[in-house]
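Listed next: structures, encoded as structure tokens.
One chain, chain A, appears in both complexes that follow, with chain B as partner in the first and chain C in the second.
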Partner chain A sequence: MLKLWKLERKTGEATVAYPFAPLPVNKDMRGKPVHDAAACVACAACAVACPADAIWMSVDPDAETITWNINYGRCIFCGRCEESCPFEAIRLSQEFELAVTSKADLHDQAVYKIQECSVCGRPFAPRKEVDLARRVLDQVVGSAAAWQRDVLDVCPACRRRLDAQRAKASCDAANAAVLLEAIERDAAQAGGADAAGATDAADGGTSAEGVR
Partner chain B sequence: MAEPLDMTERVLPAGLQYQPTPIQLDEKVKAAKAALATSIRRSVYAYRCDLGGCNGCEIEIFGSITPVFDTERFGVKVVPSPRQADVLIYTGAVTRAMRMPGIRAFQAAPDPKIVISYGACGCTGGIFYDNYCVWGGTDKIVPVDVYIPGCPPSPAQTVYGFAVALGLLDQKLHATTDVEKDGEEAPVLHPGVPYRLRVALERTARQMAGYRYGRDLVNEFMDVLEGARYDVMGAVDEFIRRCDDPRRREIFVALRQVVDASVVGDVNDGRR
Partner chain C sequence: MSPKKSPADLTGAAAPSPARGYERICESHVEAVRAAIPGAIQDVAWQTDDQVTVTVNIDTLPDVVAFLYYKRDGWLPMMVGNDERSLCGAYAVYYILSMEGQDRGWVVVRGEVDPVTREWPSVTPLVPACVWSEREVRDMFGLVPVGLPDKRRLVLPDDWPDGLYPLRKDAMDYRFRPEPVSDLESYKFLTETHGKETTVMPMGPMHITSDEPGHFRLFVEGETIVDADYRLFYVHRGMEKVAETRLNYDAVTFLADRVCGICGCAHSVAYAEAVERAQHIEVPERAQWIRAICLEVERLHSHLLNIGLVCHYAGFDTGFMQFFRVREKAMDLAEKLTGARKTYGLNVIGGVRRDILKEQRQDTIRIVRELRAEVRELVDVLMTTPNFESRTKGVGRLDPQIARDYSNVGPLVRGSGFDRDVRFVHPFDGYKALDPSRFKAASQASCDVQGRTLVRIQEFYDSLDMIEALLDGMPEGPILTEGWTYTPHVFGIGATEAPRGEDVHWAMVGDNQKCYRWRAKAATYSNWPTLRFMLRGNTVADAALIIGSLDPCYSCTDRVTVVDVHDGATKTITKDQLETYCVDRTHSPLLDD
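Let's look at the complex of A and B:
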């Protein structure tokens, strides 16, 4: 009997004091995902990554808003949202006391405005996302970044059109340059006696060969 | 707040998943239940009802009646029959095959009784919410009093859930709606570190330590880079020297090499 008391004294109490005292938890515990609405740009990376569809985006075309939604009741606490978030706007916390009596309390949401296209006026991307992209591009040097910055608030359809126009313009310019070069070369070969006449003849000659 | 439009309603064709009518409580039972919640002064017996779960929730329920969490000190005891039960714990996503046992357990338990929806599957159907043979949550068939989310809920979450169910503790979670403020800007993280170097550092840290720990480590490293006033590499070397953990040190050395490459050569070479 005395031995048993000794053993009991040595072992101490195994039962935790929770819920009368806070439960010590690991700092990397996968608890409730906490969303930082100010840091979030509504890019929907977490919604795409979420295997349980606990996070989803909904778009209200009339109000021109995009809403980030989470249902903690469906969350499986895998941490994929945290992994996929490029801006550290969501992180699994140590908070685990999630039981509720009303199902509606398991739902959180954050509403964001959508940017309108500067060309056609249609809403196309979250405003904060476009804004952040602009500030990131400001840090990057290079002509590609400059062009990206110019068309940042243009929707993909309009951007495609602008790209095509730009490509055509540069093509035209390149063709004109090639043509100009050929004209000058021919003029130089002709010896400069009658530059205009020689060019005409050369042009006529090539096209005639093409037909033959 | 109105019940938000659920994913199930948004993606599933209405006819694909069967929508049962849940059992409704009559007024007398509701009144008895309200009295039970406020004036309960005795132990409660819990019956565990698995409606198509993976047994993860069961393991955690049994984890919470072990000596470490010891729910019996609050008088909560798991019993083998619904006829003895005051609390019904439903786990699992309610598969078509298990709907009748679930309803029969509810009918067998004497009124008034508390119904707990346990785990992500019990609360909403969890990852199986859009399965054709799953009815998506306990509340589709029986009236639920407390939802305990988690996949599975840990024993501490279970203890908390029981405390909420018995009216001992208040729930902490409340529905929130954040609306974007005018001119709200998301911060650029570590603006002091050049963009391409930051991408290279983050990538190296992720490759070596995974997403979460890699991000923690690279943030620590970039704080040192940004904090250094004159001698950046000196500060980094000092930081690495002070680091005791060889695993962390190895990653910081690799990050230092990335910085070296960007200073000596071109960080974009082969890393784009």
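Let's look at the complex of A and C:
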């Protein structure tokens, strides 16, 4: 008994003044996720990573918007969103006082416009994501990057069509070049032989077929 | 920092090796089964070095399991049911045996259950430890263990329709909750009173001391408990179903964290290791050490909680307050190391997410020293409190033979003279490196509440020493590996020693990055079935203390209804009344009329 009294005297006051004074927390503690709507490009990496489905994306095709949503009531403070975000647009703060009087207050969102396809007019990707891709491509030189820049605001379906057309065009061009080369070679052979070669030159088309 | 040691120097415990004359770990057990029960074994396959699955002829299954259990020092944490109709055309049952005598390892006895008859011979009559698992498989898969005496539901509620088995692959969406088919509770509580005239004392639906709502019936004669029966699973969350359908296999660690509000880390480590072993993922050593440290930190705060509660139930509330004050330091340490007070969110498949840097290391060492000094003082006070000994000595006796039959775990079984502890029986993670001459499983032979409390106190000190030893020998390097090839439909066992006993997880991953089947066995699942034996012969006033010594999760809710079976009189006692009675043992609420 005496030991206990001594212990209690030594311990003194064990309680803290919270909530009348702020409660210090560890600096590495994972609290409420804070979203930076300006830095976010609505890429949805966090929504994919979130194990609790606290973060999700919703698309309104009529308004042409994509919305980033979070329900703090579902959040388990694991910080997977923070790890997956390429732009540090979401981070876990030190805030732990999340109680609300209305359930709706647990929900937070950020609305982003969607880019329309310049070919078919259908919305296809968050505009900020497209803008970001453009800024990145501006740093890159080369014909491939130039082509990517040209079709940035084209939706994947239309881009496939454009790509197919482009591939066909380049194929045709290559074929034409091969044809031309064959004709020239035949002509050169004919010129180097004798006068009779002049009549063979008429068959140049056939032999070019063979080359092809 | 101490000079860097190579992991080889640190490996104190000898790496598990095959028995003499055999090439592989557990091969001696397989051969023993072959010799004892000829023709039983159909197939043998090793999942990892120390895990072997033996597929047996289903008719010989009970004999094989009983042989391994009693003749080869096997203990049975759980059995698993699995709907493998899409894989092999049948259901499968897996009896997981932890071999703890010679040739230590895991032997899984697998039997295929015909999808038409859906019957298999029950093992429970031979090995009582299977009873809850077999009842659960019957509820969840609709397979019938022929010969299982207890025909009641275990997991499913009374209002659940017949013929709907949630874990069958073709059963239902995880969001579906069928309309209740009954308004009545039809669960029959069983008793063995040997003709004695008893009064029934129901406790529930929320139990006085247990966090999980449970419905208890104490059959009392005067103040003495003659028998007890109970029903749990009122808060069955369907986690296994959610993990198999909604989550990807790599997100299940975060769900596994939430299996328990106290020892979440132990579950997520067990799940991660089950998958890692199945997929042959080499976890970096530094990550293994960090996992072990966090498991020990978890044990610190859990044991302080339980020791505090033992004080509370023995009527020593000052001690309770003091232990909780000190416990706060352990919680703070957990927050420093993992970012959450409950060691949540640390594990991913392939390693851990947070390193222990110099700053955390220094803080940990400081807090560990403070805890050691403060808890030593408190324990000294507790031990010199005469009330503590008189309330705990000889109370809630768990007979060692019953503990053996039911495969109890944790401080409960160690308080009954066994020294089974996963950390030492099947060393994993950083525990592999601990010096076996210095660290041993704590055990007490007194078999009572006092013994269990003393085990916890000893383990608390051991944990502090382990944290220091692990921090000292922590290898350098990465904490996460991400390079592995995903192979579907392979399975593995992960086992950890949670503060309450061993957590065993069995996981089989499937197509589309989903778990095909995940079975999580929490420590207390192995301990509940023996509670009735511990309650028998004790007084009503000690009931809360005995249940407390099991260390289930606590909450103090609701009330108790007392029914006198002979005149049908009912009386409602508040939780405060019963708790006060437990504390000061005067003015029995039963006698107030």
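Here, the second predicted complex is superposed on the first by the 174 of 212 C-alpha atoms of A that agree within 3 Å, B and C clash if a C-alpha of one lies under 4 Å from a C-alpha of the other, contacts with A are read in each partner's own complex, and residues count from 1 in each chain.
One rule holds for everything that comes next: a residue touches a chain if its C-beta (ideal position, glycine included) is under 8 Å from a C-beta of that chain, and two chains touch if they have at least 3 such contacts.
On a predicted model such as this, the values are computed, not experimentally measured, just so you know.
Look at A:P51: by the touch rule set out above, it reaches both chain B and chain C.
Legend: residue contacts after superposition of the two complexes on their common chain; A:K3 is shown touching chain C, with no touch to chain B. In the superposition on chain A, contact is made by A:A14 with both chain B and chain C.
Contacts of A:E82 after superposition on the shared chain: chain B is touched, whereas chain C is not.
Contacts of A:D108 after superposition on the shared chain: chain B is touched, whereas chain C is not. When both complexes are overlaid on chain A, the residue A:N26 reaches chain C alone and has no touch with chain B. Counting the residues of chain A that each partner touches, chain B and chain C differ, and the larger count belongs to B. By the touch criterion stated above, A:Q148 is placed in contact with neither chain B nor chain C.
Of the two partner chains, neither chain B nor chain C is touched by A:Q94. Residues 14, 28, 51-52, 76-79, 83 of chain A contact both chain B in one complex and chain C in the other. Residues of chain A touching chain B in their complex: 14-16, 18-19, 23, 28, 32, 35, 37-41, 51-53, 56, 58, 69, 71-79, 82-83, 87-89, 95-101, 103-113, 127-128, 131-132, 135-136, 139-140.
In the complex of the two chains, the chain B residues touching chain A come out as 1-7, 10, 67-70, 73, 120, 123-127, 129-130, 139, 144-151, 153-154, 156-157, 159-161, 163-165, 168-169, 171-180, 184-189, 191, 194-196, 211-212, 215.
Those residues of chain A lying in contact with chain C across their complex are 3-4, 7-8, 11, 14, 25-26, 28-30, 51-52, 76-80, 83. Interface residues of chain C facing chain A in the complex, by the touch rule stated above, are 247, 251, 254-255, 257-258, 318-319, 322, 325, 332, 335-336, 339-340, 344-345, 353-354, 360, 377-378, 380-381, 384-385.
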